[in-house]
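There are two complexes below, and they share chain A, which is joined by chain B in the first and by chain C in the second.
Presenting the complex of A and B:
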């Protein structure tokens, strides 16, 4: 396990290093001078810029510039946004939690519905139920997320008016931002109306979460189906059947547990996919998260914000990937030896 | 006319022919292939069969509902948008933009990816290990996020979107080619031409490529469904095709503020994207299914 952990952490380190090289080189790819792109100070005087050039060692070779850039990055200094002139790190702290909240809610939805449906499909393999679930999964997998969002708004908020169509919380509620996670903030606040606010926030969450969850859910259906089918083929299931256990007992005691382990392996990869979908959903549902912030900054040519968003979102997905790997390895001892550790 | 069999001989169809023989036995897959070919034809010849021009405004016919509606007009079968442009014509011409361009992008990415993948499969040591690490990094990023970032560097526009999506797809092809070649190299039949003195390149072209092409094609269908969705998504976000072009994603974005009074302007382009993606996915699924059947036999 230690060797496995070291290998994975090594890979993470390498990955993050690569990412920082890419982010650093962006300063030269973006139009404009490199020092302005790094710091984001578009209105700075020459004297100010000169002092920053010294900080980032712009007079030395590219390698030392990169080291200086890394040092500032580790100090949490990502420059200021070109459009608002606020520090990028502060903006990220405000916007990133909303994206994570939306993604986690969607992940939860996708797993709660996707995994059991996949199991059901596997249990009724090659029967009508299986085929119906698979066709639904195929359609769900092919749905363009932005179109799904529009249809959901049209049906549930305009025609039926069950759920609000945009925003995170009704403007009537005044909730102070502590963690950035709306639901946690509401519970932490001492407002007398916090339970109403909580309910309101949940209602705002429903449509975006469903939008983001559909495509990953279909992937979970397929994953759960394949892994359950593989498990049901294996010898220990045959042994259990030979012992005379009923089908329900076999699936409940042996099938589900062993099949679930394999799904966790792919959860990390799905989370990356989910974050991208969340970015688009944020734009449509006017959700104040890192995704809509990043897309806005592309329109405003806010290069420091693009860079910061890239670093933050990518680092976050990498961490989730590694986390999923660790959970998987700790649940499934076989994998520790076959995967990255021995090869 | 089939060839007369004079000698009793066993014929071994090539791997790609075998794939086709099993593929054509599933009706759903054949239907999907038929629709796929239809979409390709629409993408090529679409501009010749449209009833109206995709850009032409008819100011007397603003927001005409589809023909089956009471207020509809049969000469505008699927209605018009807020500038009086015929929806059917726009959708047909959009086929060449969203669907046709996605094929082009995938083909370019496939050629470059297979070339780099083959080179990397033949090299060993530090270079190859660096490449795999690099691929791991790129592959763990969601394709749309990468495309958005590349568009951010290049600036918005349809050409830049195509570059971005192509660049994003290349690593997938490198990865799959490299792994497939490595896998084939372990097998016995590759050893025979090597013992005959064939060069590595010749072994690759004559022995390995025919046996991995099915995997690459399957990857291509997956890549294409992602490419369609990405082109449309970037168009929808306003980073891709300009508003005037009938690209399905940007058509949808145009209809955002209309979709309560004229829902057909938003559900029709969405349906078009959905159908294109489903058809591509079904073809890919059919191929994968027949490959699996082959392995089992």
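Presenting the complex of A and C:
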């Protein structure tokens, strides 16, 4: 297990190093002077810029500049946003939790509905139920996410007035930001309207979470189905059958648990996909997260924010991947001995 | 391989179920406390403010968000007859030579009390003097903190006009002017001439930290009906009612600006009642057809125009400017962009202005003449033009990109290839002030009814330096005409000068006036009271919200 952990952490380190090289080189590819692109100080005086040039060793070779850049990055200094002049790290702390909250809610939805549906399809292999579930999954997978978002808004917000169409919380509720996770912040706050706000926040979460969840859910359906089919074909299930266990017992005691282990492995991979979908959903639902923040930054040519957002989102996605790997490995001892990066 | 039932996995399933239960239990109807929805009002605005001090800006979005919410001015304009009326100054007096103007201040005006400032006294002469000193006195620390960037005041040459501001007693001040200026009082009623707190400024200086000085403009303190509470760029502004507001009690307790640049997004939020009021609505027919919504319009003094950057080729040549002006079909624009809720602009001034005169010869729409002029300028083979279009909806221009597309197809007929360029609003304004554009579709909403407010900020030499003159056109004769008009108190003579100035514009084509539009806004029927004003932004001081269902 230790060896496995070391291998994974090694991979994490090198990937992050590559990422930082890419982000660093962007400073030179973006228009404008490199030092302004790194610091984001568009209105700085020459004296200020000179002191920053010293900090980033702009007089030395590119390699030393990179080292200085890494040093600042590890200190949490990503410069300031060119458009708001707030530190990028502060903005990320403000916006990233909202994205994580949305992604987790969507992941939860996708698992809760996707996995059981996949199992049902596998149990009724090649029957009408199976075919129906598979075709629904196919349709769900082919729906463009922005279209789905607009349809949901049109039906559930505008026509039926069941759910709000935008934001995380009605702005009339004043909830102080502590963790950045709206639901947690509401529970932590001492507002007299706390439960009302909590309900309001949940209502705001429903449509964006469904939007983001649909595509991963269909993938979970197919994964769960394949996984369950494989498990049902395996020898220990045949042995259990031969022992005379009923079908329900076989599936409940042996099938589900073993099939779930394989799904965990792919959960990490799905997370990257989920983040991309979340970014689009954030823009449409006016969700104040890192995704819409990053897209705004692109429109505003806010190069420091683009870099910071890139590093933060990529690091986070990669981190989740590694985490899923660890969970999988702890559940499934066989995995610990396979070489990394072989699949 | 089997997994035992006490494995981490089954525990995880358990946690998942627990989480789900928590989620579901939250859905129980909480005891309905509706006051939070009736005491608060959400206004969906079209963009982020660039500052919280109107002294530093010209953008209408910032004026909407700040001036009449946070601040008051010495004078105000009557909503109906456009005449000056008292505000923080309860009365005023102008000497016969027009060079000394005395203001008598109210004594009962309280400043905002917030988490960052606790006032110990009411408004007095010191505050008024400070508010103008920071603009006039280059040694004032706050002048330097803002880098002396007061576009409106620079545009009207405020520092050359005002010799000094005198303190007569605690509640009386006097402006001494270097020359009489007929538009001076109107300028003090403009949304930029707000009154700040000197006590707050002194508190900032006492902190002895240079970066704190700019807090005067970012953590504002004023005397207006609402005080600043929180701002998140591109997301929202939160205001709280000022309970000691001097003028009258305010009904709205919490005022939220929900920043929604997307036109469709604002309409959606109105339809779902997430916003109580939205700025610049699209689909007016749909809004009118619904019982729960109302559309309001107000005649406002504005103009949309195409500014030619006269210091960069090809528009440094007046022939090219004229050719492009002739080739644009403005009638089609009025029809397609404004849905006929506007009129073709024959001058910078709207027809309601007293200095407007119907021109004898109006600019025709003529492809042939345009081609001829281009040939005279040696550009018969055409050229490529970067046309900048404002990214937001403004009162004067509901859809600049659509307008730009219409212009692109018009200009294609005389061989000009148009690229439409746009940026996010604050970036757009910055690049525009730097003169990076060739031609830009912009506009102007007047700050007060005086005709000078159209000419000086838009086309004078001083505004070319401050950047609010998007044409960067500087004409000595034109500036002289404006100066003469300001120095006379004879209304007929003033009008003559302005007519000559308009004549000069129609010969030189520094810009092509396109339309005078009405400003519209939509709200739910629960919201009552006037919000739109003919000049300088919106106000929520007189607004109240009736109780109704939340959704």
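We adopt the following convention: the second predicted complex is superposed on the first by the 339 of 343 C-alpha atoms of A that agree within 3 Å, B and C clash if a C-alpha of one lies under 4 Å from a C-alpha of the other, contacts with A are read in each partner's own complex, and residues count from 1 in each chain.
In this text, a contact is a pair of C-beta atoms (placed from the backbone, for glycine too) under 8 Å apart; a residue touches a chain by one contact, two chains touch by 3 or more.
None of these values were measured; they are calculated from a predicted model.
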| item | value |
| --- | --- |
| First, second, both or neither for A:158, with chain B first and chain C second | both |
| Touched partner set for A:84, first chain B, second chain C, both or neither | second |
| Touched partner set for A:195, first chain B, second chain C, both or neither | second |
| Chain B versus chain C as contact partner of A:288, first or second or both or neither | second |
| Touched partner set for A:111, first chain B, second chain C, both or neither | second |
| Touched partner set for A:257, first chain B, second chain C, both or neither | second |
| Which of chain B and chain C A:299 touches, first, second, both or neither | both |
| Which of chain B and chain C A:236 touches, first, second, both or neither | second |
| Touched partner set for A:58, first chain B, second chain C, both or neither | neither |
| Doubly contacted residues of chain A, that is, touched by chain B and again by chain C | 158, 299 |
| Sites on chain B touched by chain A in the complex | 133-134, 136-137, 140-145, 148-149, 151-153, 156, 225, 229, 232-233, 236-239, 249, 252, 256, 259-260, 263, 266-267, 269-270, 273-274, 277-278, 281-282, 285 |
| Chain A to chain B touching residues, read off their complex | 11, 14-15, 18-19, 26, 29-30, 138-139, 141-147, 150-151, 154, 158, 269, 272-273, 275-276, 279-280, 283, 294-295, 298-299, 306, 310, 313-314, 317-318, 321 |
| Chain C - residues contacting chain A, complex | 1-3, 7-10, 13, 16, 19-20, 23, 26-33, 36-37, 40, 42, 232-236, 238, 254, 256, 258, 260, 265, 268-269, 271-274, 423-424, 426-427, 551 |
| Contact set on chain A toward chain C in their complex | 83-84, 86, 94, 108, 111-112, 153, 157-158, 161, 164-167, 170-174, 192-193, 195-196, 198-199, 202, 236, 253-254, 257-258, 260-261, 264, 286, 288, 293, 296, 299-301, 330-331, 334 |
